[in-house]
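One chain, chain A, appears in both complexes that follow, with chain B as partner in the first and chain C in the second.
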Partner chain A sequence: MTLGGILSGPPAIVAAGVSVFSDALRAQGAEVHDVDWRPPGFGSAEDLAAVALDPRRAAANRTAVERLMAAGSVLVDVRPARDVIGLADRTILHAGPPIEWADASGPLRGGLIGACLFEGWADTVEEAERMLAAGEITLDPCHHHRTVGPMAGVTSPSMWMWCLEDPVHGGQAYCNLNEGLGKVLRMGAFNEEVQTRLRWMRDVLGPVLQQAVRSMSDPLDVKSVLAQMLQMGDEAHNRNRAGSLMSLRELSPAIVAVEGWAASDIAAVLKFIGGNEHFFLNLGMPTAKLALDACRGIPGSTMLTVMSRNGTEFGIQTAGTGDRWFTGPANTPVGLFLGDYGPDDANPDIGDSAIMETYGIGGFAMAAAPAIVRFVGGTVPDALATTERMYQLTLAENPAMAIPIMGFRGSPTGIDVLKVARTGWLPQINTGMAGRVAGTGQVGAGLVQPPQQCFEQALKALAHEARAAA
Partner chain B sequence: MQVSREIGARDGVQAVVVAMATPLNLELAANMGLAPDGDTSPEQLLIAIRADDEDALTGAVAAVDTALAARERSTGGTATAIPQRTVGAGLDELPSDGPALAIVSVPGSYAVAEAADAIAAGRSVLVFSDGVPVEAEVALKQAAHDAGVLVMGPDCGTAIVSGVALGFANVVRPGPVGLVAASGTGAQQVSCLLDMAGVGVSHVLGVGGRDLKEEVGGLATLDALAALDADPATERVLLVSKPPAPSVAAAVEEAAAKLAVPVRSAVLSADSPDLTAGVEGLLRDMGLDVPVWPSRPGPAEAPAPGAVLKGLYAGGTLADEAMLIAGPALGDIRSNIPLRPELDLGADFTARGHVVIDFGDDALTVGRAHPMIDPTLRLEAIAAVASSDEPAVLLLDVVLGYGADADPAAALVPALSSARDAAEHPLPVVIALIGTEGDPQGWSRQADALAAAGAAVFSSNSAATRYALDLLGAGK
Partner chain C sequence: MTLGGILSGPPAIVAAGVSVFSDALRAQGAEVHDVDWRPPGFGSAEDLAAVALDPRRAAANRTAVERLMAAGSVLVDVRPARDVIGLADRTILHAGPPIEWADASGPLRGGLIGACLFEGWADTVEEAERMLAAGEITLDPCHHHRTVGPMAGVTSPSMWMWCLEDPVHGGQAYCNLNEGLGKVLRMGAFNEEVQTRLRWMRDVLGPVLQQAVRSMSDPLDVKSVLAQMLQMGDEAHNRNRAGSLMSLRELSPAIVAVEGWAASDIAAVLKFIGGNEHFFLNLGMPTAKLALDACRGIPGSTMLTVMSRNGTEFGIQTAGTGDRWFTGPANTPVGLFLGDYGPDDANPDIGDSAIMETYGIGGFAMAAAPAIVRFVGGTVPDALATTERMYQLTLAENPAMAIPIMGFRGSPTGIDVLKVARTGWLPQINTGMAGRVAGTGQVGAGLVQPPQQCFEQALKALAHEARAAA
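Let's turn to the complex of A and B:
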């Protein structure tokens, strides 16, 4: 019993509360650090205390963080969703927590309509809408199938998916292939341009990538690309340029070597990848998903395993509460707009891509990507301050995801529901903005936060679990 | 896009695109009717503006040039400092090898999480806050025990750790005696007497007023005793507390007997009502002479016949001690912290008969500072005693040291003078002045000022109480 060394020399003191104590300590020449304490942003005192005192919490969160950081990610295959996850006919996966057609926002509706057309389930937009409204198409969250999808996240049986594996925990995660920018299905566009591209991705891109990936003797280490791109100005959510180019570099020898394809097809594949600066996002997201799925079902842990939005609602899950969703109305991002689009054109927050922030990068690693701050309407000091603030919401610093400008400090990793409640600060997410009207496509990019309600419910549930375990 | 937004907000500008001429941006511009003529390439900057008239257009183009030339006004790329919101965040910033502890004085309902942060970081914590549920106290203290650290509190106002005075504590010379205290003012009384005896303290470890109650079971007391046992600077230990639960007292006694360091108890009870006697016993254990405790008795001033004791205290343990000493001589003493439930004073602080009030009791400090900082309530009570037709002896404590009023005599002297002038009967005033010469207020300076106002001043609360009993004709 050494009490942390305080009997062997004058202790430094961290003080939270009234200033008279600190003043008296300073008068004695003691080293005093005042905390800028505020009443918690939400949560009853009883719930906060129950979670803070849960004897399982410290070890559970340590386990969660260890698993998150230990998880690896290698690219093992590319296959159609029908084969990979047994996606049944007339079933479409979407981003975010569960939702029905009636509640779906414009870009999700656009994506679903586009998928029905692409699969040939409907010949016209009207027919697709009727089928969806009549419940003839089953909707299911990507997250329920070890899958993530950016923006609308719409994934139908014929779409090809990246298949990633965590060699440490043995997990699998999947994500569709990125279509590029502008009028794309994930942003809610579904016109002929979109359909043409989807068909080409189905008929050429997917099969070529499958042959290439299967031929690689050293599978692509996606986590390693993620770590490197943070050193190259990407934050891996809204900026994926370096990661996309590195992926192209790693994949292209195998792509060039695939047999049975016309040179023009190979050239088109390379051009498509090289021209899409978000190509890597759909590899980064399942990498984060692998790490966070490795943290599921750790009783007592207050760490988030999911942040995700379906365009109407924002949903989160925690390691200590299994597969339960805690949801609230999605906020609309604030940022900058393409062309003459404005705030009225933007849909509320959408996409599974907030898995990147859940993993500790994206908005949490804003400091790594000063080049992006103007795109989302901020300044370089804002970016640094954002990352600094996120350290107070998280359980650990991930040394694998180092941020050069912060002295190679690991990115703030493992969002703690209790810390969110106590600081009153919400996680910062970088995001693209889809048009509110189905068929529009992307209208801008910006910053957004989850609604506090999600965290209020999660805290209540964690407190309930803590009491039940006591 | 930032420039587009800025220019688009100008009067007379209908639409604007300032963007690299990528295929996506060209398509967006075309949708706005702003497609450029001729060939473009993606490394070119597209500037397209539609305005109401030529003047607006010229102004907008000039503004684009200005905006593109402007540099971001930055603070050199450094982030504005982010304040630390929790004890955990604060402790994270400290080097991990040096000694450190946390002090928590946030509202009691929120103190639990802050204290838990410290324990999780392997740091001891002093919790000044009251209103922490007892189950939370037990959970915190068990977690601290497992982590090898100490929770001082909740409701712990006094500690001295390696010479650093935390909360309400006095400037006490360093010495070989370690205190474990479930009582703040009790610890102050004992540590000040040890200073006056030339002995001093190694550490004063507060444990919170409930630690020796049945529900908590002395969790922090046992850990504090073990820590002092292992501390080379501590040669003897004195345990200070209000009356504990008998079962807990027995468990602590048993644990103390197993330690290498000798442990003496100055735990208040009807059988051992006197903190000063506890200190004197310790001095004799050490083979030292008991000094004459400093005092300013002045001329003994007789009260009117039938006078009663009016004890107006800031320190709860000192009030307890006064009642335990005076009770056998005077009979029943009513109080807001009564020795027996039937002696509860209720809200009527002007009740007749022998009365001792603890102005530091939680019920009286809701929404106001402790009487050691804010004397208002007690000054009102002094005036009320003076205006009553009941003859009385006034017994007060005045506590010096860090955290206390910078000059308590300054408020008390005029109040006592006017009370004594206004009183119908002679109003003798006896003061227990708890402090040291080293305190910022200086024991002698305060004692002289109070004595000059006619008060009899003692450094020992039990001596002050006995002097008051003598004045009442009830002394032995």
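Let's turn to the complex of A and C:
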């Protein structure tokens, strides 16, 4: 059709949104095409209104944000999971919402098999698989035990855990020790290399760290390390370089002074910590967990307290709905791959580490860590834009987690289910990628978002609570 | 005068620049006011032309930049200055171009007095001052001995030095060990606190580091640390946090394994290094020195090889003019002050540390270190703009020194005297500020530029060389 043709014909009307406009036009005899369009959000108008108009919401979210920001985190001990949380024999903790063996993806299965071998519950992979399939091993989410675990999050009774305490609210939180990158249990690898490392961590690293941490007159202030990391190019989820170095600096004088160990063991401990750029992650995660656990059970609050994945499902919890999980199928991250691995090798999203984004850093603070795009993909402008966008989903800016390149603006903090529903934008997470096949290990790192379903369910539940309270 | 008056009167003509225009107007009877204006650069047209048209220049600068970028830096030893460079008794090295006691500013005098006390050449401050004033102590620039020293740069025979080697060009460069911040010799303090620290550095730190460094099978690659620092929020002049941590990580396993020392000494060494965020500066400076010394004596090159200050004068050297100094009075930095100190307490610019900017980082890479504005002053946009501006003064971008926030653009590298003269823009240096009064120590940190005179002289000398070679 020529331009003249367009202008000389009768108008073709396309109407989007509420029907009052198209109805009025039709009443005048015009031809109207309705388009099923709505603002880019989700949730029913009734649920959105119930939550938005909940009179408890503003104060509840203020309380939640205040508790999140006020929470501190100091390292108080290092102990085996058996002692810390009374983890029973033949029980294994895992990342994400509850799951059974039958539904577990490759890397979670790999981690569980590896833990059975490590604990001596099985002598072969086949025996471990049989026991797990037969339900002879109890599986339980880390989050149900004040614990978080990166990737598979597999934690068995003999594994040592960092024990952190929130001096403000008095909570405790725990996380196992980071094994490094590549062929590691948390990525689903379980071969002899993995087992040898786990045994060394059990027999040398854990005990040495316990002695060192217990000897420190000034306990490590992990929250302060997190704040400094954001000034040093880390976002504290997939870039923990500065944090790991600062941890080494703080711990090393105490490590050197422990008694009863050969100098070669001490040197090996220092080398292991110094050689692992993600060593700090397992201190950062329980720090975020402490702050978010301080926000549990605030009726009317629409703030997230958990985002977590078990490799099959993504689950969230909110401050207003207690320990209830809202889940949906986990997406698969898009990013950069190690060696010859490619997109077909990647497992869906897995790990409790999205607690960092729930806390307001990690993917939310990518502007502080432009170099991370070389690890997780994307461009530097993307990293800046991601942080800018996350302010639209959050309740506050955390001045303790300041981002220098943004003029020291506080990181976007406190994810609001209502804002997510209204904008239709989902939280941005950056994450490691485990191999889809059990035993593979890490295949890359990338970017991922939660499934919208989690938030749809959470909105419904919050609306239900709001109506019940009205 | 009203607007009507302006428009109704005869035109008033103001002419700037070449006289051909105003001459033509005068020939027509117009009233012309000449303004002594020229483009914002400096240097005579003849000198600028001689240098610009020097047929050797392009190739010479290409060679200089290639050598600068190709140079490597590994840590090969730690030895007392007496042994490393054969520093004679009653001789003290200092920062900047040559200077005598009579012209020395407070912090340099303080450092020299402190060194005389430390070496046992004098028992009292008065005796040290008398000896120095009487010329009984020989003063010599660090730069004349393949050496660089931050701030006063005072290096006496019993002080230990890092010994670095360029595996590409075979050069060596040296620097003393960093004492930390506050009351320190390099800032002009010399009291008992300073002396006690210097003795501990002589008796424990130096020997332990020597044993550790000599035991390392993989020597520390200092250039690689510099490259990583720029990804971690350091610009490697006044922010060396990540670099200091990485040095600690690399050195600590070897430090722990040295024999013949008490565990308390080893722990003290680790704590000293870990407690000094500027520890790395004295490794970064000789790395820059190695690269720039590899560019000495390239006839026709207009690239700087040295920018350095003795607290009274600022001096530069160029690749095309060998070891000749071009000097001018040092400016006083503008910045942020510690405690109750203020602008009146600041000494003019001092130290060899501007070798970092000469190498293309430090003030030239401030975009990589936005958090530094909290230490040296200015705003985050200033820091980004500074790096952008420095590309106008430099010959190349160094891909090894990539700045993430600028999309991994290489840092502006190789300061060109001709570009400085043409633009009239001066290199941006960020620097520590020493107290004006001997004995004070550090009073702050800030931003400073060289005096234009250095570059005017250098341009003249380069023009002279160009004419002589024609």
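We adopt the following convention: the second predicted complex is superposed on the first by the 431 of 470 C-alpha atoms of A that agree within 3 Å, B and C clash if a C-alpha of one lies under 4 Å from a C-alpha of the other, contacts with A are read in each partner's own complex, and residues count from 1 in each chain.
Criterion: a residue touches a chain if its C-beta (ideal position, glycine included) is under 8 Å from a C-beta of that chain, and two chains touch if they have at least 3 such contacts.
Remember, predicted model here, so these are calculated numbers, not experimental data.
K.L.:
Looking at the overlay, does A:T332 come into contact with chain B only (first), chain C only (second), both, or neither?
P.N.:
A:T332 sits against neither chain B nor chain C.
K.L.:
Once the structures are superposed on A, label A:E250 by its partner contacts, choosing first (chain B), second (chain C), both or neither.
P.N.:
second
K.L.:
Just to be sure I read the superposition right, which of the two partners does A:A267 touch: chain B = first, chain C = second, or both, or neither?
P.N.:
Touch status of A:A267: second partner only.
K.L.:
Any idea whether chain B or chain C touches more of chain A?
P.N.:
Greater contact footprint in residues on chain A: B.
K.L.:
According to the stated criteria, A:G233 is in contact with first (chain B), second (chain C), both, or neither; which is it?
P.N.:
In the superposition, A:G233 contacts chain C only.
K.L.:
Return first, second, both or neither, reflecting whether A:Q211 touches chain B, chain C, both chains, or no partner chain.
P.N.:
neither
K.L.:
Thinking of the overlay built on chain A, is A:A242 touched by chain B (first), by chain C (second), by both, or by neither?
P.N.:
Once the two structures are laid over each other on A, A:A242 reaches chain C alone.
K.L.:
According to the stated criteria, A:Q452 is in contact with first (chain B), second (chain C), both, or neither; which is it?
P.N.:
Neither partner.
K.L.:
Touching A:F375 in the superposition: chain B (first), chain C (second), both, neither?
P.N.:
Touch status of A:F375: first partner only.
K.L.:
Following superposition on chain A, which residues of chain A contact chain B and also contact chain C?
P.N.:
Looking at chain A, the two contact sets intersect at 370, 374, 379-381, 405.
K.L.:
Residues of chain C touching chain A in their complex?
P.N.:
Touch list, chain C to chain A: 228, 231-234, 241-242, 245-246, 248-250, 252-253, 256-257, 263-264, 266-267, 270-271, 274, 370-371, 373-374, 379-381, 404-408.
K.L.:
In their complex, what parts of chain A are in touch with chain B?
P.N.:
Contact set of chain A toward chain B: 1-18, 20-22, 24-25, 27-28, 30, 33-40, 45, 48-49, 52-53, 55, 58, 181-182, 336-340, 367, 370, 374-375, 377, 379-381, 384-385, 387-389, 391-392, 405, 418-419, 422-425, 444.
K.L.:
Given the complex with chain A, which residues does chain B contribute to the contact?
P.N.:
1-2, 4-5, 8, 15-17, 19, 23-25, 27-29, 31-32, 72, 74-75, 77-80, 82-91, 93-94, 98-107, 109-110, 112-114, 116, 118, 120, 122-124, 128-129, 133, 136, 139-140, 143, 148-150, 161-167, 202-203, 223, 226-228, 230-231, 233-234, 373, 402-403, 440
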